[in-house]
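As written, the chains take the letters A, B and C, and residue 1 is the first residue of each chain.
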Amino acid sequence: MTDMAVDTSATAELPRTKTDWLPLLLVPALALAALPFVGSGSTWVTLTVAGLAMGMMIFLMASGLTLVFGLMDIINFGHGVFISLGAYATLLVLGPLAGWAAAESLGLNLALLGLCIVAAMAVTGVVGAVFERVIVRPVYGSHLKQILVTMGGLIVAEQAIHAIWGASPIPIPLPETLRGAFVFGDIVVERYRVVAVGIGLVVFIGMQLLLNRTRIGLLIRAGVENPEMVEALGYRIRRLFVSVFVAGSALAGLGGVMWAFYRQTLTAGMGMEVMVLVFIVIIVGGLGSVGGCFVGSILVALVANYVGFVAPKLALISNILVMALVLIWRPQGLFPVARR
Amino acid sequence: MSMSSALTLPPDETRRSGFFSRILSSDPPRSWVLSLILLAILLVLAATPFLFSGSQPLSTAAKICVFIVLVASYDLLLGYSGIVSFAHTMFFGIGGYGIAIALEQIEPTWASAGIGLVAALALSAVLAAAIGLLSLRVRAIFFSMITLAVASAVAVLASQMSEITGGEDGLSFQLPFELRPAFRPLEDQLFGVTVNGRILAYYLIFFVALFVFLLLLRIVNSPFGRVLQAIRENEFRAEALGYRVVAYRTAASVLSALAATVAGALMALWLRYNGPDTTLSFSIMIDILLMVVIGGMGTMYGAVIGATLFVLAQSYLQVLMAAGSEALEGIPILPILIHPDRWLLWLGALFIISVYAFPGGIVGRLRQAKQ
Amino acid sequence: MIEPLLKLSDVHTHVGPYHILHGVYFDIPEGELTMLLGRNGAGKTTTLRTIMGLWKASSGEIRFGEKDITAMSTPDIARSGIAYVPESMGIFTDLTVRENIVLAARSGPVDSARLDWILGLLPALKRFWNLPAGNLSGGQKQMLAIARAIAEPRRLLLVDEPTKGLAPVMVRSMIEAFKALKAAGETILLVEQSFYAASALGDNVLVMDDGRIVHSGAMSDLVADKALQQRLLGLSLDAHQ
């Protein structure tokens, strides 16, 4: 599709697009501002890395939700179920392959994590397709009914998890070589967090490439702005909807795996618990914006980590405060998405 | 809508209007079956202390009264204003903690109960107004997400500030003397029952609940309530007609929060205890949603039916399911499906079906059947 | 007489509670430019949206070529060969000009001869090729919308008020572009409020009022007959601009 070469030598004199830098600057500014409060530089590095890792995990869980909202104008309050379901799906792999988790081999351990992710994404993708068909499709267009019905779906799915795996929490240990931390002088960085940052970055870059470099990505971006026009160009947007919903659910499943190993316990309600942060993040980022979701995730996680260290009791409240401040500054979130 | 129905009432019903009609704010149940059920609920609740012995039925009745207020006030938001809040249990909890903290920290008197209630009402009003103004000016969907976030933050906060709130354990406290079981206002038995402070406490809850319910009925049938419904039907049109949508919705949210706070105070008074599990928890929020939707959104009577059915089911159906599950032991799957732990599964399914198929809930069905 | 490319028979459309089209009949002959005129609210936009399937006709029949498209979905109608430029233009502002055109060419890359032809018709686009379409002016967006509609050969173009709100110089270049399209043999149904633009372009003219076609005939007849103009358009059009 790049074979449409056109002489664009004249563009130089035209006004360039203004990139909205301010929200991006917010993250380093915040990190620097936190330094004097934290005091020690090594603690600050540890906290920052921890915040980044948490931010990546939240991003994984939130990105699907924000995309589904942007494209379909659907708000899925049952999204948390896919997080829980993804987390529980690891049991399908961890059970038979317990040996891989105990092995002192980074290769086997990472392969195990990879298989967990594949299993989780497969399960949540399939359930997502069913959820879209049965729960969501009949209520396109009505936010009130969407909230209610997806909440109902959440209740049923959480209960189903209880029925299948039992109601009591299930411990899941980290694979052997992913435990512990790297220590550089005073700086302590947990290994698993490095893995989480890596996976989060890979997914984020992958999504950016998909959205900006492929026809599907262009269609999704166009559909976010004007679904009717996409149809009038001859594209069946329904199919696009379903694939994005399935992809969003699978991403939540991936996030669920990462979150499960981070907490090292499984509960059916774990998805709903983290949904609070997910909602804050997509409101802060701007509903429908993947980039905003990424910046919002990191922002919220960093604030939670710094505040959690300086004044532990204020950690959750601090997120609410961040959200309130952002909404006062930009009522539509950091990166408002254009919609007709 | 009730104005037009008042015009079309058959003559024998208009003759009786007057007093009842005024009490019900000209918004009658509009179905004979529904009227009979409501009347039965009212009479049984009013006479519970004399109809049943033991503490279980009285506790169930008190819980029904509290939840009628809680659910009706939630319906003011969901059914009449068309916005979904997940912070209703937060206000319920604030009411409960207001009473609990005041009675435990100050002294078990009426005065401190009053102080606790007023402080709780003030806090609820401020929080509800702040959330409304912050989120509703953007889009109604923000409101849902932000209420969820704020409510969970407050729940965490309440369990962390254990010096004041008792943390996860909650607070047990003494009631004012007149509401304690040892208090005997009458020397003799009344209808074969010894009237004690416990029964007085029940009637306090019953009458306050009745009063708040009728007040809510009045609010939704006032001009204010009609504007809310107009906004629900068509937000842009209402805005174009000059109604300030954000202000109206925020006001509805504050009123709803105040009523929920009163309900929380009543709950704490009855239990002589308040903790995260009795008022703040998210599972109560889900229960409220179930009650509103199953009873019928957009009608105060739906709250009565929904709350009564749900609390009865919670108290008695699970026992029945346990019995059934045991009886069916040996048969595959069935015992698992009707295991008492699964009852929320069935309620959830019922909930989804209700939203799709009977958006008017039970009340809507009954009214349809009449036509 | 040859079969018309598009034929509407007794089309009624309801939008929400409102009954907007009250039995619309008309034919669009192949290879000609038909103007659809009428005052605001006459039902012109509704007619185009109903043809595209964006609002469904509640009764009546719409035939396109040999197919009955009345009940078809919007994407299928588009695939059968109709391009649509809505009044709001429907530009994807977040995408570049190039990306907008890439999406419009559904079956694959636009070949360079066709691209040269399009950019020859609408030269302004060339300079903005890799800029987000949101940066374009109103007239440039309109050009992009038309470029999208002709990115691939289509059998019929539906264009809703392409000159609305444009500066006179832009209106003139828009008229030139449509003249060139007409010369290339495209079949076009153009909604217009400006009689100046309409009379410069139209082969045929349809006039709508209150959800019905109240006049149809050759544009030249309407231009020649001042009395008819007065009767039909005096109340319904800004007669000169």
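Annotations
Just so we're on the same page, a residue touches a chain if its C-beta (ideal position, glycine included) is under 8 Å from a C-beta of that chain, and two chains touch if they have at least 3 such contacts.
Bear in mind the structure is a predicted one, so any value in this text is a computation, not a measurement.
Common neighbours of chain A and chain C (chains touching each): not present. Taking each chain's centre as the mean of its CA atoms, B is the chain most distant from chain C. Centrality by Cα centroid goes to chain A. Averaged Cα coordinates give chain A a centre that lies 43 Å from the centre of chain C. With centres defined as mean CA coordinates, chain B is found 35 Å away from chain A. Computed centre separation for the pair chain B/chain C is 56 angstrom, with centres defined by C-alpha atoms.
Residues of chain A touching chain C in their complex: 1, 3-8, 10-11, 14-17, 215, 218-219, 221-222, 224-226, 228-237, 338, 340. The part of chain C that touches chain A in the complex is made up of residues 52, 54, 73-75, 78-79, 84, 86, 88, 90, 92-95, 98-99, 101-104, 106, 109-110, 112, 115, 119, 126-132, 134-135, 148. The residues of chain A lying in touch with chain B in their complex are 75, 77, 135, 138-139, 143-145, 147-149, 151-156, 159-160, 162-163, 167, 272-273, 275-276, 279-280, 282-283, 287, 313, 316-317, 319-320, 323-324, 327-328, 331-332.
The residues of chain B lying in touch with chain A in their complex are 78, 82-84, 134-135, 137-138, 140-142, 144-146, 148-150, 152-153, 156-157, 160-161, 282, 286, 289, 293, 336, 341-342, 344-345, 347-349, 351-352, 355-356, 359.
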